[in-house]
Amino acid sequence: MDFLLRLIEFALSRQEQVAEGLVQHAWYVITVLVTAGLFAIVTGVVTRRNLLAKELALAIASVFLTIPSLALFVIFIPLVGLGFAPSFIALFLYSLLPILRNTITGLDGIDPGVLDAAKGMGLSPLQVLIKVELPLAWPVILAGVRVSSMLTVGIASIATLVAGGGLGDFIKSGLARLPLPNSLESIWLGTLLCLVLALAIDLILQALRAATISKGIR
Amino acid sequence: MTTANINTKTRSPLSERLDLIISPIFAVALAILGIAVWVYSDLDKITIAILSPEKIQRQLGETLILGLTSSLLVILISVPVGILVTRKGYPRLKSLLVNTLGLGQALPAYGLIVIFFSFMGSGIVTVILALAAFSLLPVLRNTIVGLEQVDKSVIDAARGMGLTARQILLKIELPLAVEVILAGIRTAVVINVGFSALAFLVGGGGLGETINSGLKLDRGPAILIGAVMVAILALVFDFLSALAQKYLKPKGL
Amino acid sequence: MSNVLIRLENVSKSYGAGSEPAVRNLTLEVMRGEVLVLVGPSGCGKSTTLRLINRLIEPTSGRMFIDGEDVTDANPSELRRKIGYVIQQVGLFPHRTIAENIATVPMLLGWKKDKIAARVDELLELVSMDPEIYRDRYPKELSGGQAQRIGVARALAADPDVLLMDEPFGAIDPITRDRLQNEFLRLQQELKKTIVFVTHDIDEAIKMGNRIAILREGSEIAQLDTPEAILSHPADEFVESFLGSGAILKGLTLKKVSDIELHQVPTLTSPVMREDALKTLQESVDQVALLLDANGKPLRWIDERALNRTTQPIEKSGRPVTVDLQPEDTLQDALTVMLQSSVGMACVTDRKGKYLGCTTIESLAKLIMSDG
Amino acid sequence: MKMRKTFSLLAIGAISGLVLAGCAAAETEPETETSAATGTDAVETSVIGAYDLSGIEIAVGSKDFDEQLILGEILVAAFEEAGATVDNKVDLGGTSVARAALESGDIDIYMEYNGTGWAVHLGQDDPSFDPEVLTPGVRELDLAENGIVWIGRSPFNNTYGFASSPAATEANGGAFTLTSMMEYTQANPDAIVCMESEFPSRPDGLILTENHSGITLPDSQQLILDTGIIYTETANDNCDFGEVYTTDGRIPALGLTLVEDPGVNILYNVSGTMGQDKYNEAPEAFDAIINAILAPLTNVRMAELNGFVSAEGQDAGVVAKEYLVAEGLID
């Protein structure tokens, strides 16, 4: 309890840093989800009719998730330098699989009869995709986005090790200051803020879900 | 690396085959990259000091010990807990676990290791426990999901034929859940090998030392070779787990 | 040795206070070697009752006896190994081969390997599946009908006296179901097991059961009797409405052709002269005669118009007899044949095909009237 | 792996001013002393306020530990006092991050340690242990190779060193010297020396002590820990010796004893490091201001300031401002 009070006091006395860390961390999540989301959905759509291409895309995306985060964060440093760029690339690669897998699952799960009916009514392939396939697969895709967002929040804390900022800064500076005053508070603050951010993003995604999913399939 | 997403569906033969092919291809490509860097870049004295063979050897050993011990610990904890939770009497605990485990992914392993340090002090045990705490989730979740998805009529038939609860668990439920449980263990092993790169922060050793030295001393080749080694190690374990998944799952599924 | 094999005595099952009991104070006896069908609307507790017998569900109160022995507190697993159990979803173990599935209980009972192997082959033969082909296959390679055959074989593996079957043919297409039912009846004639069979399909109940228990909510017995008795004397409105409007027709499946008096139509034995034929026809009230071959096998229906229209030999005139009935066939079969026949009658022959007589719509109606 | 190359490309970009810069560096040398002198004398008005940096935009960076934060915030406050438009980017990260930011122009200035410049940034061996040799050496080479100007030099020397744990100190009956420390590790094979991951590999790291004592520390006796942890683990006797920064406030606070260094470890006095182009916008003012703010920073004074932040948890910005006011450098 005492520690909790000190933690809150610590956070309040560093509102600027807290805000900056949160914004930076959230910025990773947003940019990564948007870019990786688009990339994964397009990949899923393009490969949806070809079993080999589909499975190959999945297999490659899952290998990225196998590569340790510290390694993936630093492996691009010689090419792009430190800071945002290598962190973004690593988080982007990590986020692909959940969204790609769910895009494919979502598209595969559509009742062929529905597609047949759509084609039969004279919709062009593009219209079928945009008006029927994607809306029907959307809830599943969004679930993948949610998994990716949790993943990104957690792993983005590593960005601090390659000067990428974010909430990991609190953990790193706390670790460097142990056992001085406010060092533990700093570590806990960084860790807990990750959870808070994850919770907030989860709520936003739920709202997005409620707003974008057709009532008929909710 | 935090593959906490769960693959409960039985995989197609094609994806199973690709699963066994792609990891080795990546590992070989990374190995070639690492060797090329080693051979073709000018390694100054500092880089050579960072990459000294006895250091790398020790760090490799530490990474292996960290990854494997924590994985073993996770299996020893999560599988029994998962089994216990899916037995009758804990439905609420089960849904609570399955629901919160998703959010648990957002917990930074980095913070977790440091927090464990603040309670337990430095050393390899701290790291093993922190890694285990972090990778507990996928195994526990997959154990629960794996056991839950066993066809209820199969269990009913088994009970009706007079198998005891223990026989049903050992002979029916676990064999039928083994693929999903193994998928969770595979995730945990990969997480543990991967995050053991952060062990150096609290005196747990591992290849993270090489990467961090490279970062601090601004030696690109050292960073890259360290990262490549960690990645290859993770890929090798991923591959071994995939093999285990393939050969340990019962035929007929 | 008493004739009663299973006895449920004042058995109740309720799930928590406040909710209606699924089974209320049920007393039920199953005779040795009979097929007792539990039938009733969904939710009446028939499956619960069945599962009380092998203690998959423990009773809240009451006692249960098998072969006079109180098994209410016996070890449930050991009890179940002595009772075969077949369910609608079959529940084959997908990770085990067909042979391993069938061998489950024998292995639990510690049989010797070669004895088990022999038993597996024997059972596969019994359910008409070639052991050479199916022994080492996995359940996913089977059709629904084949899977249920294996389900039955698995239940019979340790040669239990009692077989519990919970809608075993419920998930199978009608044609296959009919075949499996017939096969099952044939098996039962041979095996003489004591069987408790749950279904929601009254037709299946009538076809399969030696006795039928019609259950209403709370597993209360509305009527327990032979199919014939239930059909002819429904105990109350509930039973009547459960039997439905087709009750009389359903009754036809219970009676055999041999149960009714056969009508004798004029016969002609080939070869025959046209004049003789005409004469016979004119003397007959039926305005039709049956042409038999030298062995008494029915060939064709002949009438006057057919004789007058052509000049060709009698053996080629009239309409051919396509289907013969035999005395063991049900009256429902007879009705089907009659409705398809041009003359409204069906020929009955003995096993060798020799003409015995004909069934007529009138004789059928008379029988039904007398029963009703 | 190609980062070095990128850096040298940047350096080539700055090649135009090479000769000029060389002259500038030579010229600033005498000037610094005078301005530092004026700085301390002029008590009645703000010393720094006397210089005009108005219209100059300057991004100030620092590395990510307390001393660097304080030095960075001192620069920020001083430049603001002189009227410059300051972009505060202190707390960037490790050495390589700060240096990369400087070379890329993300920041215009940060305080760097002479020894680090010589060994890490310039990749040179055999550093001089005389500040009067080392500082000009770094200055000339970095300007020539990378177009980076080194300004002034602090009196304090925050060098690498070792601290002994309470138990080890007691066993020894007092402070170790570097040689007696190495002899102790040789005599006690289970004695552990805790270090940051890069320390055993740095040319200005463990190797200097090993060469000095003639004793090699086996790998099994080295334990790698993150920077901050070394102090606590040594205080808890989990490490017998810990690699420390000699000005760190935690050494007295946690009851550690510094291992006496007869001049083995490289000198880590700080200087301002600045991109040449930015420096040329107001060379005199930059020289004077940086010399003024560094002049009072002795080892004792710096450790004191560090202690305010690290042990007492004060804000580095506040500590920096208070320091400048106390020294009469700003109002």
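Residue numbering begins at 1 within each chain, and the chains themselves are lettered A, B, C and D in the order written.
Quick note on the criterion: a contact is a pair of C-beta atoms (placed from the backbone, for glycine too) under 8 Å apart; a residue touches a chain by one contact, two chains touch by 3 or more.
For clarity, every value in this text was computed on a predicted model and none was experimentally measured.
Measuring from the average of all protein CA coordinates, the nearest chain centre is that of B.
Chain B has its Cα centroid 20 Å from the Cα centroid of chain A. Centre-to-centre separation between chain B and chain D, using Cα means, comes to 41 Å.
Each chain gets a centre from the mean of its Cα atoms; for chain C and chain D, those two points are 96 Å apart.
Chain B and chain C have centres, each the mean of its CA atoms, that are 57 Å apart. Residue numbers of chain D whose C-beta contacts span two or more other chains: 1-3, 94, 96, 100, 226, 229.
Counting partners per residue, chain A has 77-78, 160, 174-175, 178 as the residues that reach two or more other chains.
Residue positions of chain B touching 2 or more other chains, listed in rising order: 117, 201, 208, 212, 215, 220, 223-224. Annotation, chain-chain contacts: A-B, A-D, B-C, B-D (touch as defined at the top). Touching chain C in their complex are the following residues of chain B: 151, 153-164, 167, 172, 175-176, 250-253.
Across the complex, chain C meets chain B through its residues 54, 56, 76-83, 85, 87-97, 104-105, 108, 138-140, 151, 154-155, 164. Put simply, chain A touches chain D in their complex at residues 77-79, 81-83, 160, 163, 169, 172-183.
In the complex of the two chains, the chain D residues touching chain A come out as 1-3, 6, 64-66, 91-94, 96-97, 100, 104, 226-229, 231-232, 235, 249-250, 253-254, 310-313. Taken together, the chain A residues at the contact with chain B in this complex read 51-52, 55-56, 58-60, 62-63, 65-72, 74-75, 77-78, 94, 97-98, 101, 144, 146-147, 150-151, 153-155, 157-158, 160-162, 167-168, 171, 174-175, 178, 184, 187-188, 190-191, 194-195, 197-199, 202.
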